[in-house]
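Same chain, two partners: chain A is paired with chain B first, then with chain C.
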Partner chain A sequence: MSNLRLINETTASSVSSVDVTDVFSADFDIYKISVVGDFTNTNQIINARFINSSGSVVTASNYNYAILSMESGNLFVEDRNQNQNYMRRMVYSHTGVDFGFVLYIFNPYSSSSYSFLLSQGTGAPSGKGTSNKGIAVLKQTASMTGIRFYNVDFTDISVKCYGLRVDS
Partner chain B sequence: MAGQLIQVDTETVTSAVPSVILTGINDDSVYMLAITNMDSSNTNSFSYHYPYIRFTESGIPNTTTNYEFAGKLLNSGGAFGNIANTIQDDIQLNLVHVGTGTNQTVQGIYHIYNAYNSSEFTYCTIEGVGISTSSSNNLYGGNGGAVLKQATQVDGVELSWSSSETITSGTFTLYRVV
Partner chain C sequence: MPYIGTQPNDVKKNTGLYTPSEILQLTKDGSWGGSLELIDSLSWTSTTNNLEFTNLKEDIYDVHIIQVKARPNGPSGSFYYRTSSNGGTSYDSTTGNYQFAVQRCFANGTFDEQKSNNAGVIELYGNAGATVQARSNRTTYMYNAGNPNKYTYFTDHSTCDNNGFNSTFGGGVRSSASVVNAIQFFTNAGGGFANGEAFLYGVKQI
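On to the complex of A and B.
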């Protein structure tokens, strides 16, 4: 049996945000989230926030992030900031050309560790293939159970959340 | 079904050990190392240290100076940088240091290629994240790759800290990608 366990698949259409809830638990320390979809906005980024164990979206200014965006037109952008209320740029794309990104999330459910995130995504803003590699952290020692993706008007979105099982 | 992960070895550290060795690489598959919450005995809030990885042969770390690595330093509080080194006797696991204070732990995903093939070099990709010293508290991460430029049969990895610090916590798991 694979140690990559599918926990949840969330699909939605014609929404401005997607909440993936009740997916992080004590069963796993590391999660892989794969996302594909499309949106109606012109050259826009998708951002994310964690959802805590009370079901609230975390909007405190405790997020740090750093993303390198790499565009086929030879434009490289360092997108970074600290003490923000969101995690920026899961992916950067454009209406009608789709997008995809993959996240690894570490320790979200732990109430004694920060929640860390690795991201990599690809899209096509301004008609140019663009990929990004990034990192983020929520500097709270609090238990997170889900994640929200927002900042665009999704035409369609599919989110698959996996846990990396460790058998002792 | 492609994309499955099969666990081949794991260790969860709850009391101090000098290093962690994971073995079980025994075919030409791609392998994936997953690390979370790697911490050390150094609790100086304003210092930093480097996590290291070496490859093992028959469970023994390869300490030759045949390692090279390069990548991009991602920094939430300053300009990104390039990291590159040759003729090394280990690989900087995240390509960058992490702080030694509370919650300044290491997490990452590392894919390993050609390890078991004794006629090929062993390669790995690096995607790691941590937090720098408490004086800046920046989010630090490395994205890049490394190679052991030695045609040898690798069967695992060794994880350790710089300056002979012990590993006091962390979960280290090696998966075969099938």
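On to the complex of A and C.
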């Protein structure tokens, strides 16, 4: 028996954003999200925002992020910023070649701590294999219950959200 | 019914506990057993050149996790993945069918970039030594192996020691769409792996 609890699977096609709602709760502190899919345009970056307990997408400029994008055919890119209204670059890929990424999210439901995110993704912008690894934080002590992925037109996307069970 | 939510009789928060009746229901639904399935494991104590998983259950899982804890016969080599579309009868080494990009991090202060967009193998690095405590430890995610129309992607993170700690993170892709139904992991350090173990998991779907 593993310590992952599958909470929700969200699938969609022909959409410009995907909301995964009502997945973060008091039941777990740490969540793992795995995502696979494809989109319609060339060389696109998928971004993310949290959804709060009122069901609203958080667009306040309270996000910080830092990502290293490792491209097989180009220089590696450091992509970082503070006080932004989104979390950037969950993955970087290209139409027709798909993508995959995994996130770990810490304390999203807690109203007394910030929500932290680790990302690890892989795609192929311009047909060149690319991996990225990043961190992000929402500097709000508010309760988050979901997450939005956006910034591209998805041809298809599958999002699976797991809670990490704690035994003691 | 993969997840039931807060239980009224839970004595602790954040435990994801189930009642016996819920376990029975989950078992009937095929959802009991957690969200990782151990598909296969390898363990060896004498020199082994190639670690191969030839049963990926790629028709069931679109995301896999591979964990390797292995000690090479010699120091200072690298580590590689290749894929097969014929169940492991042969492994694709066609130049141009793979790409990779990896950041290497050495505790002595050196960080460097390793990459290729025209490779015959996914090279993921990791500078392990041949001493007992200097194994290469790594976790790899693999995406879309079973889809004939999609590339098969890998992300990887490793930690090891060779007279100095080092780690790697990055990934690669088989940029030739095909079903991948077997994978091979190997090293050029000292002619193979002296000992170790490896595990292949499928990330369960509802």
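Here is the rule we go by: the second predicted complex is superposed on the first by the 167 of 168 C-alpha atoms of A that agree within 3 Å, B and C clash if a C-alpha of one lies under 4 Å from a C-alpha of the other, contacts with A are read in each partner's own complex, and residues count from 1 in each chain.
Definition applied: a residue touches a chain if its C-beta (ideal position, glycine included) is under 8 Å from a C-beta of that chain, and two chains touch if they have at least 3 such contacts.
Bear in mind the structure is a predicted one, so any value in this text is a computation, not a measurement.
In the superposition on chain A, contact is made by A:72 with chain C only, not with chain B.
Judged by the touch definition given at the top, the superposed model places A:26 against chain C, while chain B stays out of reach.
Judged by the touch definition given at the top, the superposed model places A:3 against both chain B and chain C. In the superposition on chain A, contact is made by A:128 with chain C only, not with chain B. Within the superposed three-chain model, A:85 lies out of touch with both chain B and chain C [touch as defined at top].
When both complexes are overlaid on chain A, the residue A:16 reaches neither chain B nor chain C.
Note on chain A: of its two partners chain C and chain B, the one contacting more of its residues is C. Of the two partner chains, chain C is the only one that A:158 touches; chain B does not reach it. Contacts of A:61 after superposition: neither chain B nor chain C is touched. When the two structures are aligned on the shared chain, A:102 is found in touch with chain C, with no touch to chain B.
Residue overlap on chain A between its contacts with chain B in one complex and with chain C in the other: 2-4, 29, 68, 120, 133, 165-168.
Looking at the complex, you find that chain B touches chain A at residues 1, 3-7, 10, 12, 34, 36-37, 72, 74-80, 103, 105, 107-109, 127, 129-131, 137-141, 143, 171, 173, 175. Against chain A, in their complex, chain C makes its touches with residues 2-3, 5-6, 12-16, 31, 33-36, 62-63, 98-103, 113, 115-117, 141, 143-144, 150-151, 153-155, 157, 169-173, 175, 203-206. Across the interface of their complex, chain B is touched by residues 2-4, 29-30, 64-68, 78, 80-82, 104, 106-107, 113-114, 116-118, 120, 133-137, 139, 141, 164-168 of chain A. Chain A makes touch with chain C in their complex at residues 1-9, 25-29, 34, 36, 38, 68, 70-73, 75-76, 97-102, 120-124, 127-131, 133, 158, 160, 162-163, 165-168.
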